[in-house]
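I've put the structures underneath this note.
Two complexes are shown next, each including chain A; its partner changes from chain B in the first to chain C in the second.
== the complex of A and B ==
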């Protein structure tokens, strides 16, 4: 009996020693303290704050399913379409991996849009979080690029012709345009060479840069701390007058909330993956089930919904070079946002009606712009989309004025005692 | 607020799931109707497989899924071979037609497309309406035209059934003579009592489209039954995590 007890304590000691050995050589404990147990967050974060974590989760889901797909995928014009059908039919649970990856891409963008909307709603882009916002917009741009590159890989009709149009945009850059297009495509048209390099960029180059910038995004966030729905700065961990907390540690308070959010998200995501993976042509287009045919241009080239607003901009601007400039402007405006907003109040909860109306108008314009761009353009629609585009730019260009002259509500003093 | 938003998101997804945009005559399909799928396989092999291949589908997969062949009983393999394999193919092969590309070019002007993904590329309604829209037209090389896709290159594969049931709908008055011929043919065919009763055209096409829908997405039933289990498990787990969350947040004052 005594020997057994001794052995048990011995074992405990050994594990303790091993943990000690590791923590003396790696800053594990410091890291856990700094980012989990002693990382304090405002206690009033609502569900809009979970989309960042959910996007991160989806990113890793994309990486893991992507690695599995590359085991079976063949990046050649002859083999690409067939290998995907092989994944869908012959490989056990290949369909699950493929649908997780293809629906995951669309869901990723929905999460990212919700995440961006949260920033606009509660002013998370304002001082001192400008860099967090800038890195976030960079991530959004790189993610668009990643999705565009990945979209060629199934080698269906829509993939092929969308890439053909996408790469031909570079052609209208003066002087270097033609050489640049040739360099990107590796051929005069989208061909096997293009597929090879898009594959390489999609699976290695872009995901690596994404990981790097996501890390920076998080480091910058943890340096300045999290904003909250009231948009007020909280310095102290406790309120003095009634001794209730205004900030709570990340673990266990937010880890459990994030877990709950993750499960609800996974439930909705599973409904999509298992029951409507095509989402009636929004997540997987019908035309993409026809193998790419360089000799047969489809009547209507429908862009994927998350690339649609940019495609729509190109369609409604008559001049191609001007169209590309406007498309660049659409993204540039997002980068300028922290310096266009002159209202000292962050959250829409405490702002005046001008900002609220402008934001609602902006969201509506962008959503309609995306939706109409997925349909066939008619002359009437072109004018309507031009108006929506004007709305989009007015939101940013008029911002310095309406944010300066609007009447704000008084800010709450603290998060306690409400 | 949070609950309302989740509810709305859920409603949004549900509405997307249920909304089914279609312009043409809709078709009612049942992927679990095994008899219909088996009949569809029969019709496909008899009327379509001469020209069209199903290059992503294997005979044995088809056999197992449609319960024609038993995976663990090799004697049932012969049943599949006798009934559905009309070429020299092995049961582990994909379903390929024996039509030569050059000949098909000479006969139809273009090679007949592979039908593995036809339903996903078009839609079940499209294929259903296309197959039902053949009518007699002397100006075309095969004597038939299609009102859904004008001047289609494909001859009417179901002409025999259509003639037996007189199901050609005449669009032109000039076709009166032809239809007279057909009605004679109908009388002739029905006078032969040893023949089994001819199936109704709509039912044949429905079975065919049902079969092609299965071919386009063979994992669908499997996927949905797995999906129900996964969603159920997630709901259960969500409930327990919700209770845990209540516990942990219970001591934090608003």
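== the complex of A and C ==
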């Protein structure tokens, strides 16, 4: 009896010792505590807060499907288009891997836009989270670049001419522009050399930098803590007057919610991948099923929807250099946001009507700008898009004024209720 | 009660999640298999014309993307085969490295033509044809020598003792349609 009991304790001790051996040499427990079980989040986070995690998941999915696609893809002008067709027709489940990756790119941007909208809605870019916001905008820019580079790889007509346009942008830089374009392309036009370097950057260089900056984005967030829909700072974990919690640990309270969000997301994503992977030309254009022809531009070049606003800017500004400057300005304005907003209140819930109206106007302008840019431009549309673009810039340029003079609502004192 | 219920729910969730992860691995693993095109190649026989192959010469053709050796042996080569049994690991071809109709002293249908899959049974390099006397540092009328790890085979593809290769070289299925034409990848028709 006693010996058996001793043996049992011995076995338990051995297992415990093995776990200890590892945790004495790797900061596993500290990491879990710091980022999961003792990382506290406000208790009132709503569904807008799922999109960061879902973006991270989609990034992981893009990496995995991307690795698998490189197993079958050939990055040469002669082989690229056919290797994609081979993936679609010959490789077992190749169609699924490719559609997961191509729809995944579009879905990634939908998630990122929702994630950015959440920040605008609840003022997550404001002090002390300016760096989280800046890193986030950097991620958005790099993601646009990643998508742009990846879009050349199928070597279809849209791929080819979109890259031709994209690399020609550099041409307008005074003095060095021409040399720079030639240097980036490795040829007079987009060619085999360009395809090789775009492939290398798309599959390794940019993803590596994305991983690094995502890590920074999260470290910076965990340092300053998560904002919440009320936009108020919460110092204590419990409320003083009624002993209820105002903060809960990330694990298990939010991990279980994120899992539910993931299930819903996967359901919707599967419907897209299995039933409308091309999304009627928005995720994959018809012209891109024609092999690239460097001697013939298609009648209508439709940009991918997530690159459309930038493409639209180029179409409606009747000056090459100015068009590129305005396009840069569209991004630059986002970086300036934390310092343009002079309202001390973070969340739209507690702000006055000026900010709410401005945000609604901004979202509407950007969405319409994107949508119209995917269609064929007419003279009337050009004027309309110019107005939308003006709206976009006015949102930022007038922000220091309307945020200063608007009348806010009284802030709630805590998340504890009355 | 409450604790038990939660424990059961947690187990069910974990099992379902595990099932989900396992099934979503299927397309990733299945895509690594050979494509239908590659599999079709494996069932496509190759017809070879032997009329230009002189006695003592060899040729290589591809079947299933593998090198196939065809060696036309001289009478001297054939006469020597039974003499070197003591040097061989499996002189009677007991290991199934050949179709039943090639399990004989010459390991072939027609003693004159030796047809082998030219991949060493050690780690898959393609051996070199060394038909001349003494080329394998032995008093032998030549054989096959693998340059990667030094395995040696006689002129019937049988492995020598004391080399890393464990078994005789493989004989593919083949049949003769006439005296000078062989089809590799098809068994002889039963008449």
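One rule holds in what follows: the second predicted complex is superposed on the first by the 403 of 418 C-alpha atoms of A that agree within 3 Å, B and C clash if a C-alpha of one lies under 4 Å from a C-alpha of the other, contacts with A are read in each partner's own complex, and residues count from 1 in each chain.
What we mean here is this: contacts are C-beta pairs under 8 Å (C-beta built on N, C-alpha and C of every residue); 3 or more make two chains touch, one makes a residue touch a chain.
This one's a predicted model, so the numbers in the text were calculated from it and none came from an experiment.
Enquirer: Counting only touches as set out at the top, which of chain B and chain C does A:97 meet: first, second, both, neither?
Expert: In the superposition, A:97 contacts chain C only.
Enquirer: On the A-aligned overlay, A:336 touches which partner chain: chain B = first, chain C = second, or both, or neither?
Expert: So A:336 meets neither chain B nor chain C here.
Enquirer: Quick one: classify A:32 as touching chain B (first), chain C (second), both or neither.
Expert: neither
Enquirer: Is A:144 contacted by the first partner chain B, the second partner chain C, both or neither?
Expert: Neither chain B nor chain C is touched by A:144.
Enquirer: Should A:368 be classified as contacting the first partner (chain B), the second (chain C), both, or neither?
Expert: Touch status of A:368: no partner.
Enquirer: May I ask you to decide whether A:71 touches chain B, chain C, both, or neither, giving the answer as first, second, both or neither?
Expert: In the superposed model, A:71 contacts chain C only, not chain B.
Enquirer: On chain A, which partner touches more residues: chain B or chain C?
Expert: Partner touching more chain A residues in the overlay: B.
Enquirer: With the touch criterion stated at the top, can you tell me which chain A residues are shared between the chain B interface and the chain C interface?
Expert: In chain A, residues 86, 96 are touched by chain B and also by chain C.
Enquirer: Mind pulling up the chain C residues that touch chain A in the complex?
Expert: Residue list for chain C touching chain A: 26-28, 30-33, 35-37.
Enquirer: Show which residues of chain A lie in contact with chain B when the two form their complex.
Expert: 43, 46-47, 82, 85-86, 88-89, 95-96, 99, 244-245, 248, 252-253, 256-257, 259-260, 263-264, 266-268, 270-276, 278-280, 282, 286-287, 289-290, 416, 418
Enquirer: Where on chain B does chain A make contact in their complex?
Expert: Residues 1-2, 5-6, 9-10, 13, 16-17, 19-21, 56-57, 61, 116-117, 120-123, 216, 218-219, 223-224, 226-228, 230-231, 234-235, 237-238, 241-242, 244-245, 248-249, 252-254.
Enquirer: In the complex formed with chain C, which residues of chain A make contact?
Expert: Contact set of chain A toward chain C: 64, 68, 71-72, 86, 90-94, 96-97.
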